[in-house]
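Order as written gives the chain letters A, B, C and D; numbering starts at 1 within each chain.
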Amino acid sequence: MSDLLWPGDARSGDLFTDASVLSALLRVESAWVDTDLSSLAGPDDLGFLSTAAEQGGNPVIPLLALLRERLGEDPLAKTLHRGLTSQDVLDTALVLCARDAAARLRDELDAQVTTLAALADRHRRTDMAGRTLTQHAVPITFGLKVAGWLEGVLDARTVLHAAADLPAQFGGAAGSLAALVAAEGSTDRVTAAAARLGLPLREPWHTSRAPFTRFGDALVTCTDAWGRIAADVLVGARPEIGELREGRGGGSSAMPNKQNPVLSVLLRRAALAGPPLAATLHTAAATMVDERADGAWHLEWPALRTLARRTVAAASQATELLRGLRVDEARMAATLAAARPGIEAEQREYETPGGPYRGATDEIIDAAVKRAEERPC
Amino acid sequence: MSDLLWPGDARSGDLFTDASVLSALLRVESAWVDTDLSSLAGPDDLGFLSTAAEQGGNPVIPLLALLRERLGEDPLAKTLHRGLTSQDVLDTALVLCARDAAARLRDELDAQVTTLAALADRHRRTDMAGRTLTQHAVPITFGLKVAGWLEGVLDARTVLHAAADLPAQFGGAAGSLAALVAAEGSTDRVTAAAARLGLPLREPWHTSRAPFTRFGDALVTCTDAWGRIAADVLVGARPEIGELREGRGGGSSAMPNKQNPVLSVLLRRAALAGPPLAATLHTAAATMVDERADGAWHLEWPALRTLARRTVAAASQATELLRGLRVDEARMAATLAAARPGIEAEQREYETPGGPYRGATDEIIDAAVKRAEERPC
Amino acid sequence: MSDLLWPGDARSGDLFTDASVLSALLRVESAWVDTDLSSLAGPDDLGFLSTAAEQGGNPVIPLLALLRERLGEDPLAKTLHRGLTSQDVLDTALVLCARDAAARLRDELDAQVTTLAALADRHRRTDMAGRTLTQHAVPITFGLKVAGWLEGVLDARTVLHAAADLPAQFGGAAGSLAALVAAEGSTDRVTAAAARLGLPLREPWHTSRAPFTRFGDALVTCTDAWGRIAADVLVGARPEIGELREGRGGGSSAMPNKQNPVLSVLLRRAALAGPPLAATLHTAAATMVDERADGAWHLEWPALRTLARRTVAAASQATELLRGLRVDEARMAATLAAARPGIEAEQREYETPGGPYRGATDEIIDAAVKRAEERPC
Amino acid sequence: MSDLLWPGDARSGDLFTDASVLSALLRVESAWVDTDLSSLAGPDDLGFLSTAAEQGGNPVIPLLALLRERLGEDPLAKTLHRGLTSQDVLDTALVLCARDAAARLRDELDAQVTTLAALADRHRRTDMAGRTLTQHAVPITFGLKVAGWLEGVLDARTVLHAAADLPAQFGGAAGSLAALVAAEGSTDRVTAAAARLGLPLREPWHTSRAPFTRFGDALVTCTDAWGRIAADVLVGARPEIGELREGRGGGSSAMPNKQNPVLSVLLRRAALAGPPLAATLHTAAATMVDERADGAWHLEWPALRTLARRTVAAASQATELLRGLRVDEARMAATLAAARPGIEAEQREYETPGGPYRGATDEIIDAAVKRAEERPC
């Protein structure tokens, strides 16, 4: 799967690709019957499945037809999917894909937290001009700025942690597990299948979609944090400011001189693209109806996929950006010097200007670093 | 404050009105200097403050000018706001307003949980047609449907609980508390002011906005849950279905015969209006820059206000809707009977049709009711 | 009506306020019966009407009750509103308000076009550094940049022109004008009422909402154009760049030294806030159903109002920004000089650097200026 | 290109696929040098190009490297892309793809207009219950309802017509065409290239993005119209109502009895998914800055692609839905009969109930049919 129009997409690898979704669908059907069905269908079937999905409105229906055909006389053909509905399989498959994405995100966030904590600590005494509404405000340190970035990433980690434990979906045709209980007399198969997939269970949530909206909101909380960092880098990388620079800059098709802050550009793009997709998940949740919705459910799938792939790609870009970030302390000092005496207006009201004006900076950095060392909860 | 174009707005009373925001701004400035300043400005000043807010871009600047003028020779005129920045005061004031909204929401959610748990329990044996993609699927019970509604409300309560503990904002001009420390040698005033306001503290979050995005996402998670309930009521209230009815219907300007499901209509409206506003908070968070942003901060205020007022109004409407909901069990039974034998197609595969086909319904209702009795965590 | 949380709101005066909407509702009912009813209700009734609107879901129902009560024995009480439905009156009233907003916008856009055309022309030879992806690219002139701003404003004017001719809505209870025709034997009253209001007519559009989505899209096209200008001003106003400055800067609550580019900040805010509101109008249009929708219609009113007021306020701010804009040609020249030789990399491939490198700039400016002189079509 | 998670995607064929975008990029570079370069790169290069696009932030940069490498000693390697910038090529390529999408949409809209006009005409006397806020209101005819659908589709056609004439983008590094003029002394190449591509020209619009926002708004105006039709079909297809049915219904994985209104479900999904994507284009336009933006430009590409593919797929589904729509006149009559006398409440005020109550229905249908026969303008 290539995506010419989302540079960086390759970083999310096969997460949520059609092939991965198909594989996850097969894992769910496999877990249900406790038999590995993964060899029965594969990437070569995607063309057929995608096209055939339209007939019933989702890809599970043609997949089942395909599996049954390939199972032939195998008695499994009769028990396959018994007691389930398409939404059970597709929801749970999306949960499996989301779990993989969340694992990638956690690793990246952890790496960023480590990098940022060290960066904040290292620049406790790197004085620079603080800026508000684009104008010089008062002196700060770069460490303080980084502590703010770190808090954003830590918040994202916390929010993701609370949202990532997505449950399996097993409810049957209308959420009562009636066919399963009728056929087998118990819901033991549900418990077993969830255990095989390593997923937590909850009551059927076919039309109560907070698990997905919460996950989407967490993804956007991540891109928010990186977008805010990218915005600072984009300002700092302007040649007239020159305080920050990406580790490697991107080239240009026309101007060989340029070193563009490409990672920040792409992060900013991802941060602007995310909120409407998370909103789409909420719109879906808000328009659920009956025991399975007439469009709202279908609306979720591509929003989840796109949001997850882009967030993972952005996570990787953000880690690379932070690890490679070049800080020009001399330029920071020069900007600050040039901003005097205006930038010391507030300082003059309280103390002799010229000295450090760092207030509680150390405590703030300490607190952020300490929080960085804790596990999210 | 009237709102002719958001019927039901009056239910949110004075939450987040201009007068309430002004009162909260005064409470923050009061807590900072440990002196009650509430008599120094009031609703009569709103016209001036609103207009004058444009000059500096926010209402705190003209408020301070007004307070200083009215304090005259009072020495407080010098210490007022010392060490703070406009954003500290406005953010913390919005947090105070949000706390009031959250308290209202918690009460409404608790009431709904109680109502829904009882409703689910009462209708364990009320058989009806389950519907998927608008068509009859398999028999369910109305209790099962209500259990799904309840799970949605419980999820919203959980999400809100995690998001509602919004912290005070005290950072000074660029987030280092430099002026405060310069003037007073410590940050004790921060701790004291937060305690006076009864707010938790965290490091300055001027441009790390997860507290506000998380709150906004929680509000929308609430309206999602009610929107999904309203959608079911709107279907059930169609005269051809007639299984559900609002306690009191709304009239019409032209058709005296009509009993419109007005609460559901208005809930649906609120549920559709919310997601873009929560997305706006994320867009703001994602475009924060420098030590105070050049527009993104300003973008948050009305989004928070509007979202909070509408969510509280919707909460009250949802409580009323649920309390007054009329369930026509006879119509449910009649629909189900008329849907046979088609609706028993699945059932025929597993057991003798005609009997109950309830599967794990009781366990599912039990689980939802049990969860309803727990505190959110 | 004050709005403490949208600085600049006062610029839109009484457009779309509750009082204006009420006045417009009265004008519509007046035009229908060819009698001035404006003295029968007024701002003092807004509290009642807002609260009472919830009962039937819209403010027209209680307004009619009020009018009938006040008409008492007047025979008009019987013919009032005859043949209309609430949506006719409210839609047409919103159209009247929108027409007023469009007139304001047209004036502002015309003023901006004049200012920008002169500015582009004046700065044909003002060389400066062109920037792409934040980095210096090749030399341009400030006139070229302004020509780009102008094209954006001209596009907005064109789009608004095509969208602003909103039609009256007269369809009766379900869009067939059945009651009117039954009572009067013709639809002459529709033609007369539209003529009295000075509005074009079209077939009833109760659930075909392109007139409103098109208008909303046009409003956002305006704020897009100003947001893009504001973004350039915000970059140019950074002290390290210093090429652009607002005519008057805004102050700060903590830092007396600062001159914030407040108009640009507020324009940027408006530009970020608009798209989700226009999207809300589309979501409403996309979820219309039956002969009057169950929430989608109600969703439109506040979105239209808010979007229109904010766009008009932004229009006025944009005009002020452009008229007062200070251009520092010396700083532009200095930046360009400092950017050499890097910024001449492309130039070196084609000609002797050091000379002007303006390409088709004059033609581009000429074309924009010429388009500025034409009427939108 | 398969899309397992957007059933119906195959209907949009190769519009805007990576391969199509690559082909369009090659066509633009070809038109620029008046030489067919299409054999120099193809689908096999997509993997490399997609991955390599990240380095400079867009796919044009690696494509040029590839072309130059493959041209080897060919003198074309030197003139290739001379005077252009990446954005020129990518914007114009997206315009070419959009033109193809617009052509498909026009055909579908024309077909729908024809079908709807005939359907409205055929059902002038098909009485049915009009519904507002889900409740029976007054009698209407199905022809009147269809006339409303038709007006929505006609509006969409008009809006698309005005938006679809997207211009070529040729501006060079910073929009002045400086390199081109330096190298060739004129801008004749621009005129020639646009003519070869069959595209209109306008001044460079690198950061003035109304052409793209207008196109996106038009796409959503289309899905709005179909979403509104689908909503009516979804209501009418409910078994308790049964007045409308899709030509072929979709099956179910668990319930062999079901005939789901799948086309309507998928149209509803598309209609809910569109507005946030069009809003994303506006957010991009509103955050453009400098001579090429630092993320906002990149944000547009996937939004345009996704919106266009989905709209074309929905167009095809809508045409199929309308052509196959089954109207159950007997059920309509039965519903209406059962709704009496309540539904005649208004009628009783004006005339003897029981007779037709069609008001201006014929004139309204006539007007819509007449408009259907005109060309959009």
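Quick notes
One rule holds for everything that comes next: contacts are C-beta pairs under 8 Å (C-beta built on N, C-alpha and C of every residue); 3 or more make two chains touch, one makes a residue touch a chain.
Owing to the predicted nature of the structure, the values given are computational and were not obtained by experimental measurement.
Set against the Cα centre of chain B, the chain with the most distant centre is D. Set side by side, the interfaces A-B and A-D show unequal numbers of C-beta pairs in contact, with more at A-B.
Averaging Cα coordinates per chain places chain A and chain C 35 Å apart.
If each chain is reduced to the centroid of its CA atoms, chain A and chain B end up 25 Å from each other. Centre-to-centre separation between chain A and chain D, using Cα means, comes to 29 Å. Counting partners per residue, chain B has 57, 85, 131-134, 137-138, 172-173, 179, 234-235, 250, 252, 254-255, 260-262, 265, 271-272, 276, 279-280, 283, 287, 294, 346 as the residues that reach two or more other chains. Listing the residues of chain C that touch chain B in their complex gives 2-11, 18, 21-22, 46-47, 49-51, 53-61, 64, 81, 84-86, 89, 172-173, 179, 230, 234, 250-255, 260-262, 264-269, 271-273, 276-277, 279-280, 283-284, 287, 294-296, 298-299, 301-303, 305.
Put simply, chain B touches chain A in their complex at residues 57, 85, 130-134, 137-141, 144-145, 147-149, 151-152, 155-156, 159, 162, 172-183, 187, 202-211, 213-214, 217, 220-221, 223-225, 227-228, 231-232, 235, 271-272, 274-276, 278-280, 282-283, 285-294, 346-347, 349-351, 357-361, 363-364, 367-368.
Taken together, the chain C residues at the contact with chain A in this complex read 131-138, 234-235, 237-241, 250, 252, 254-262, 265, 276, 279, 283, 287, 335, 339, 342-343, 345-346.
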